[in-house]
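Next come two complexes built around chain A: one with chain B, the other with chain C.
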Partner chain A sequence: MAAPPDRRAASETPAAIAATMLLAALAAFAVAGLLFIPYGTDPLSAYAFLFAEAFGSLRGFGFTLVQATPLILIAQGTVLAWRAGLGYVGFEGCFVLGAAAAAWLALGGTPDGFPYALPPALFFPAVLALSFAAGAVWAGMIGVLRVRFRGNEVLTSLMANYVAAFIVQYLVSGPMRQPGSLPQTPRLPRDTWLPYLIPEARTHAGILIALVASGLVAVLLRATPTGYEIIASGINARAARYGGIPVARRQMLAILLAGGLAALAGLGAVLGVQHRLMDGLAGGAGFVGIVVALLARLDPLAVVPAAILYGGLEVGGAAMQRDTGVPSAVVFILESLVVLFILGSGLLRGWRLPLPWSGRWRATSRKAAE
Partner chain B sequence: MSAVPLAALRGIVKRFGPVLANDHVSLDVRPGEVHAILGENGAGKSTAMQILYGLYRPDAGEIHWNGAPVAIADPADAIALGIGMVHQEFLLVPPMTVTENVVLGLREGRGPMLDRSGAAARLAAIAARHGLAVDPSARIAYLPIGVQQRVEILKLLYRDARLLILDEPTAVLTPQEKDALFATLRSLRAEGRSVVLVTHKLHEIMAIADRVTVMRGGRVIDTLDVAGTSERDLARRMVGREVVLRVARTPARPGAAALRVEALTARDAAGRATLRGIDLMLHAGEILGIAGVEGNGQSELAEALLGLLPVTGGRILLGREDITRRPVAARRARGMGFIPADRRGTGSITALSVAANAVLGEQRRHTRAGGMLLDRGAIVATAREIVAHFGVRTPNVALPAGKLSGGNLQKLVLGREVRRASRVLVVEQPTRGLDIGAVEAVWQALLAERDAGRAILMISAELDEIMNLADRIAVLFEGRLSTPLPADAVTREQLGLMMAGRDPAAHGRAA
Partner chain C sequence: MLNQAFFVTWLAASVGLAGPVLLAAQGEIFAERAGVLNIGLEGTILLGALGSYLAAVATGSTPLGFVAGGVTGLAVGAVLALFYVGAQASQVVVGIVFNILAAGVASYVYDLAAGTSAPTIGLLRPVHLPVLSALPVLGPVLFRHPLPLYLTLLIVVLAQVVLFRTRFGLALIAVGEHPRAAHAAGISVARMRVIGVLLSGLGGGLAGAYLVTAQIGLYRDNIVSGEGFIALAIVIFGRWSPLRSLLAALVFGGADALQLSLQLFNDRVPAQVLLCLPYILTILAVSGLLGGRAQPAALMLPYRKE
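Entry: the complex of A and B
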């Protein structure tokens, strides 16, 4: 009965959430717009340019999808791990190791890779499985530390990112290095590349992997008993245990899948974009993906539009820097503000506007009339 | 009496969305009285008191203090006026000492340094005056719950509160601790302070209160002098109809042994023994009542039986099968159910819907496509069945379970556990915090289950509950269980003494 002292229960109806998120995004755009003024650029036309670049043409939208692909996969991994109650942040590590595993298999038959070259019909299933497994094992180690030994998964997964990055650095400057060149592997054979869907934007089939993965995560979490058990474990492990749910096993499952999905993001970067393994491949996608998941409120279906919005801002920001000289840092600030404002918008749902059709408006106007 | 009331609510209205929690609530608290607020859960008594304490702002109405209207925007305003509140869950910092907790938030002494010894001395003086025995240098974490409550009261007195609001203060106390609390309340009254007692225990009102305000459905039904009323009269006013406070029950017809526990021991995380060799035998078709004050191994016993707590020794036999090392899911599959005391933290996942909670632990039995997918239709059907059969009041089964009142949530948990527990039902504090109507429903449901042949182990700190329901009664004290006695062979007083760890034989007749 000793209720916490919140004066108004937040309104969590879908309409209220959509309205507050939209307001927050608009506010972020308005604040970030001030940053354009010193460059002599009118914010409105800058935004128009930005969105036209990102979404206005098939080519631009193709670039946006390329950017969105790893974000979708990592965000789905975040959704799984975090809904299971794990603060896992080791997606950079899974990304680069998944990329390394994919490159190794793609270089099959060469001295830098797997001993045999696989025919394409076998290669693509095999590379998906191997890359996924690499990420799953990497994340699974953190999962075991957490679930069995109560290690702090935030710290261990963060540190594991560095270890993974150094492993890849070692691979590309040692065993898998292209002789006499930068620390990177040789270019992968053409038939190991992911096919292009929109050739002029070099949009690769990774987006299909990401969309299929999104569908599977959504079904898993929303429609299966296992998903129910993962969510229950994440919200209230005590009650889940009381219900007979094997909490540790469900959390392990979630983290294995999460690591695997992040590894597939790395696979896309290697087989779809760079066509070789190199150092620094993830470029922060492992963290931006977490932000996208938060933006989507850990809802697997909301992840897709959130990632596409985010990818579009990156594409548009880069184009803006190229064409107008406004530094893309402004767009980074904008992206950050969007996230901050949207995460903060929950506060607004505790407020009520006196709208004409609500009881309070009548009460206040009556008082005013007296 | 024509004296100006110390505090008064005048026409307080408070809405939460569509719910009218307080509908023109008016009541007076006179100086130097113990004023009980009686009502079922959801009657609005907590809301009214939280408005008085500044936790909520009323939509309409006024608060008067010493006859003058005042605005109370937050608890700081209330405290400044001299209003203090002891919540059901104590707001103490466990690693800190009693003195530190009491002065928390105050500026004690001149200058930047804290005058700890001065504060301790003042505290000791207040404590002595009101019979609140507390060691000012003890750390909260090591104090029993009853003493922690004294610290909460001391916190208010240290701030010289004129009006003390106590929300269900006796829920966690032994009968003896309860007497001590009442002695303190009398001493406060003698000093001219006023006490508001939010409760739904009628005999406590009769024992301590001067006046009582009965609330129902957000409205004040009546304010009465306690001297001119009776428990029966109050109960009728509270629920709006006649209630039977004693359930009609037939003698048990115990069957075969359903659950046997032999020399069960367990330790807590710090390595202290919590169960020190529990032996018990539970038969089908009986209710074995385990009386005792919480913190003597009650939760541990229940959790060990269900498999939530690893045991360090002994055996648990379900029928003839040794389940000591079996996981929770296996025990549930073999017909065990558990209604935990902590229905919001353990018994349910409050963020999930009523429907999702109705199948917690049974989610694998509500599937289609060969167990691959959840069968939403079946889940909703199960939830509706429980809601209908146990009278859970909810607008729909998609509502988050946390939004149900305590009584309705308990009925949901009970319905779920009863529905599947074919053999043994472990029940812990089943009616804690429930109003009379809900208590009656829960009791009836438990008796019906007993008569249907289930074995029920009922752990309760409420003597009324034990005396009314149990066929045999044992007392758990400091991890040891007394030999169960037939319910008609023990008196309330004997149980009270045993709950406090004393041998009833030493105090008068032997049982």
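Entry: the complex of A and C
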């Protein structure tokens, strides 16, 4: 086996990071572009079509924003939890429970409705709080197991996703079921729908919730002592504790907020898109949101453009499948390749090429001469 | 209702449902014992299922399809090892991103290769083992299954022996518990981990092939719905031991089979309560609530040589 090549500390200058990320993204687009060829579409015009569909018109951009909304919220949750040093991956569970809580309140509880009606002015604050709380409690349980009992949060949160899915499956096939055939709730009353911002694309106000949340997460992490302590806990818990930071509390705060944000993604799906609760509502958004956060390098401000890019890819991919028959799966391949290549590019940055003017080249050539 | 016939049918169904995930869990045990959590197992099973289906259609031979699933899994394992071990990337990140990639690749390749014409393949028939299948209770429960189940049971025993009774197995465990010490003792951490990931790929690919060739007989994009995560759960619930994972798989399969048959009798017990239970038990197993950390100490920690 050959000796591993010399390495130096990965060069973490912003320019080096930006350049390698760009290269990785280009490489991913190039590889995924090859997938269009068997369908008789040339990659460049395919990408042009895809981006035109997603960003070329107000209507297309509206669809893109609808897709981006849950991705932004879940990615911000990922940023909070992962920055705090928790490998929480239970966003699918928070999503569906947040959706269930929102639907429950919107239907006036079940089966026969509340004995009193919530005043309309109170409904939206109440439903936001309830949905957020549902996700926060769900993620918080995993947080307690991790922080208090040193449970493995990756595994527990993965398994908790299934428990949450079964809870919702039970609700829509039992107590909250619309009498009739499909396991789903009745349609929510119109007053409880999120208002449309771009009516022709059915872009609902959830995007505003996502943008406000993004601003708050950015301020929290960048401009408050609490945010600093969250990040410090994630970088080195032992050092943070030694420095007087209540690590367990900061991690709990981060995971509670993360779960709550993911639940709001579910709220948007129910009150903004489907207008009813059904099984399988998250549809993988809980994992794609994590990928978005990774693409944004866990930076809350970079999350927004990253999520809009991925939302746009999904809109463009669906349009392409309708028009040309190229399967929209190409988009999932592209989305994951971008991140995988960026992961690989970190390795690239750490390896110094033996160029003639570098010390390493002289060292290797000396070795070769011996 | 709880007479012997019901009991036997239920147990036989449990064993049948447990088969594929148990097979996937065997490889995953080796990966995790070496310190690599392969969350990408779900995607591996999916690609194995696709590979075995396409090969079975192309060759007209279901057994060849089964083998092709394993080959696909090995190839997937090699790619995963590149990231887990070669790039030393975060295992959680790689696994999650890989599952999305695999779903995309499988859907794309299936569309390209099969398109609209997607024939079903001949299922592997149950093989009644001579003498044994005539035993009361045990016969129908254990000895009237398709060949992949017997293969799985054989692999469980083999895995148990290799893991705990051979130099290789003990070296693998050492790498997962204390990679630095293992390295100092002359064991190649990277090689052990690559082998672990390859075995996880092989097991996952064969599990996908098992689903296709012995249970379903065709391929759909949603053919694998959580089997990879159930296999991860079985590894945990079985506390990283092949024999105990057999029991864990039976708990999952048993709950699944029971809810299927209870649905026939009444709907007062929600099926979801039964389906949830194994997951809750699994959460408890790694929650830290039950004392000592059972997982390999270096699980999920990339290893860099000093």
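As a convention for this text, the second predicted complex is superposed on the first by the 337 of 370 C-alpha atoms of A that agree within 3 Å, B and C clash if a C-alpha of one lies under 4 Å from a C-alpha of the other, contacts with A are read in each partner's own complex, and residues count from 1 in each chain.
Just so it is clear, a residue touches a chain if its C-beta (ideal position, glycine included) is under 8 Å from a C-beta of that chain, and two chains touch if they have at least 3 such contacts.
As the structure is a computational prediction, the values presented were derived from the model and not from experiment.
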Partner chain in contact with A:37 - chain B first, chain C second, else both or neither: neither
Chain B versus chain C as contact partner of A:228, first or second or both or neither: first
Which superposed partner A:48 touches (first chain B, second chain C, both, neither): neither
Which superposed partner A:241 touches (first chain B, second chain C, both, neither): first
Contact breadth on chain A, by residue count: chain C or chain B: C
Chain B versus chain C as contact partner of A:212, first or second or both or neither: neither
Overlapping contact positions on chain A, where the chain C interface meets the chain B interface: none
Interface residues, chain A side, partner chain C - complex: 4, 35, 38, 87, 89, 145-146, 148-152, 154-156, 158-163, 166-167, 169-170, 173-174, 284, 287-288, 290-291, 294, 327, 329-337, 339-340, 343-344, 346-347
Sites on chain A touched by chain B in the complex: 1-3, 5, 7, 9, 219, 223-225, 227-229, 231-232, 235-236, 238-246, 363
Chain C residues touching chain A - in the complex, by the definition given at the top: 37, 39, 83, 87, 89, 92-94, 96-101, 103-108, 111-112, 226, 229, 232-233, 236, 270, 272-273, 275-276, 279-280, 282-283, 286-289, 293, 295, 299-300, 305
Touching residues (chain side chain B, partner chain A) in the complex: 16-17, 46, 50, 55-57, 59, 74-75, 87-89, 167-168, 198, 306, 308, 327-329, 331-333, 338, 340, 345-352, 356, 360-361, 363-364, 366-367, 371-374, 433
